[in-house]
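In order of appearance the chains are A, B, C, D, E and F, and numbering begins at 1 in each one.
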Amino acid sequence: MPYVNIKVTDEGVTAEQKRKLIEGATRLLVDVLNKKPETTFVLIDEVSTDNWGIGYRSVKDIRQAES
Amino acid sequence: MPYVNIKVTDEGVTAEQKRKLIEGATRLLVDVLNKKPETTFVLIDEVSTDNWGIGYRSVKDIRQAES
Amino acid sequence: MPYVNIKVTDEGVTAEQKRKLIEGATRLLVDVLNKKPETTFVLIDEVSTDNWGIGYRSVKDIRQAES
Amino acid sequence: MPYVNIKVTDEGVTAEQKRKLIEGATRLLVDVLNKKPETTFVLIDEVSTDNWGIGYRSVKDIRQAES
Amino acid sequence: MPYVNIKVTDEGVTAEQKRKLIEGATRLLVDVLNKKPETTFVLIDEVSTDNWGIGYRSVKDIRQAES
Amino acid sequence: MPYVNIKVTDEGVTAEQKRKLIEGATRLLVDVLNKKPETTFVLIDEVSTDNWGIGYRSVKDIRQAES
């Protein structure tokens, strides 16, 4: 019955990468806590870079300053 | 002052269904815990089917296998 | 596959009330969106009254001012 | 290491307002709890007005009734 | 900058298991999305079994019926 | 109608600091987005240091290594 929520910035996460995140997170809960995969939820949130802040700045502004 | 968050896959939830979820969840908190509706929040998140995993797979892949 | 999270202040929610919240929230998702109860999660968070704020004040301070 | 999540309705929050929310929330955690800004996350969620309910109704319906 | 939240029932998760969940979840984000571990948060919530419902019932009641 | 959730480690946040977090977060939403304080929720979660991971390690282990 675990619930795993993964939040990342929406910087091009591919369908294949999402599959790997879902599979990997489920396997982690099965391996470490012996949980049942059929009742293990993994939810991925992709957050816009101007909606994610770190160190006083948005990721969008940080990326622009880096480019 | 309750806060209710309902996460479902984004598989065509209609405006009318959203109203029923909001009303039903509010009524539940009023009936069971005598909470005030005017300070009861109900937030609905619609999650893309490739961002929701169960049993090692994304709901998108599960639906495609079923179809 | 719905995930419902109910946050309320930790002001004496009984085991019986928790059952009603779990049952009611599950029934709501079954009735409105035809979801499967066996993969419907309902999680209740009880938040301490000095950790919940509204109108600039904590619920704890509001309750003390009311008493 | 704080994590701050701000949920508001998606009623036209500008990029500049998002910057102010990110900066203000980070400064709050630095000033009050002496946290390090470089490991302080601020995430803003903009929720559609028909996905946010208060007092039995969606914000969308409330706004329409007000207009 | 990923944020990973793992919610499980509070059924005796050991400190060592928590370490494995933190390490495993971080490694997953590093391996799949090339994220930086030093700004990858993993938060574990242990939820009381009478606060977690599935299939209309609380996990506490389900466990008691099983025992 | 904003909802603000602040997660920090449970390292001795005082009642007075909680008041400042609640007041400061509310004021931020009032000042930046002109929101109504009476329907602005601020919830503070204090997370145990062995339940919060960063850079592959729990905060508890990091603190012990630092001490």
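Heads up, the rule we're going with is that a residue touches a chain if its C-beta (ideal position, glycine included) is under 8 Å from a C-beta of that chain, and two chains touch if they have at least 3 such contacts.
For reference, the UniProt names are A, B, C, D, E, F = Tautomerase.
Values in this document were obtained by computation on a predicted structure and should not be read as measured data.
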{"item": "Per Cα centroids, the chain farthest from chain D", "value": "E"}
{"item": "Selected from B-F, A-E or C-F, interface repeating B-D by over half of its contact pairs", "value": "C-F"}
{"item": "D-E compared against C-E, more contacting pairs", "value": "C-E"}
{"item": "Approximate Å spacing (C-alpha centroids) for the pair chain E, chain F", "value": "20"}
{"item": "Distance from the mean Cα position of chain C to that of chain A, given in whole angstrom", "value": "26"}
{"item": "Separation of chain B from chain C, taking each centre as the mean of its C-alpha atoms, in whole Å", "value": "14"}
{"item": "Sequence positions of chain F contacting 2 or more other chains", "value": "1, 3, 7, 21, 25, 39, 41, 43, 52, 54"}
{"item": "Touching pairs among all chains present in the structure", "value": "A-B, A-C, A-D, A-E, B-C, B-D, B-F, C-E, C-F, D-E, D-F, E-F"}
{"item": "List of chain E residues in touch with chain A within their complex", "value": "1-9, 13, 17, 20-21, 24-25, 28-29, 31-33, 35, 39, 52, 54, 59"}
{"item": "Chain B residues within the chain F interface of the complex", "value": "1, 3, 39, 41, 43"}
{"item": "Residue numbers on chain A that touch chain D, as the complex places them", "value": "7, 47, 50-58, 60-61"}
{"item": "Partner chain F, residues of chain E touching it in the complex", "value": "15, 18-19, 21-23, 25-27, 37-46"}
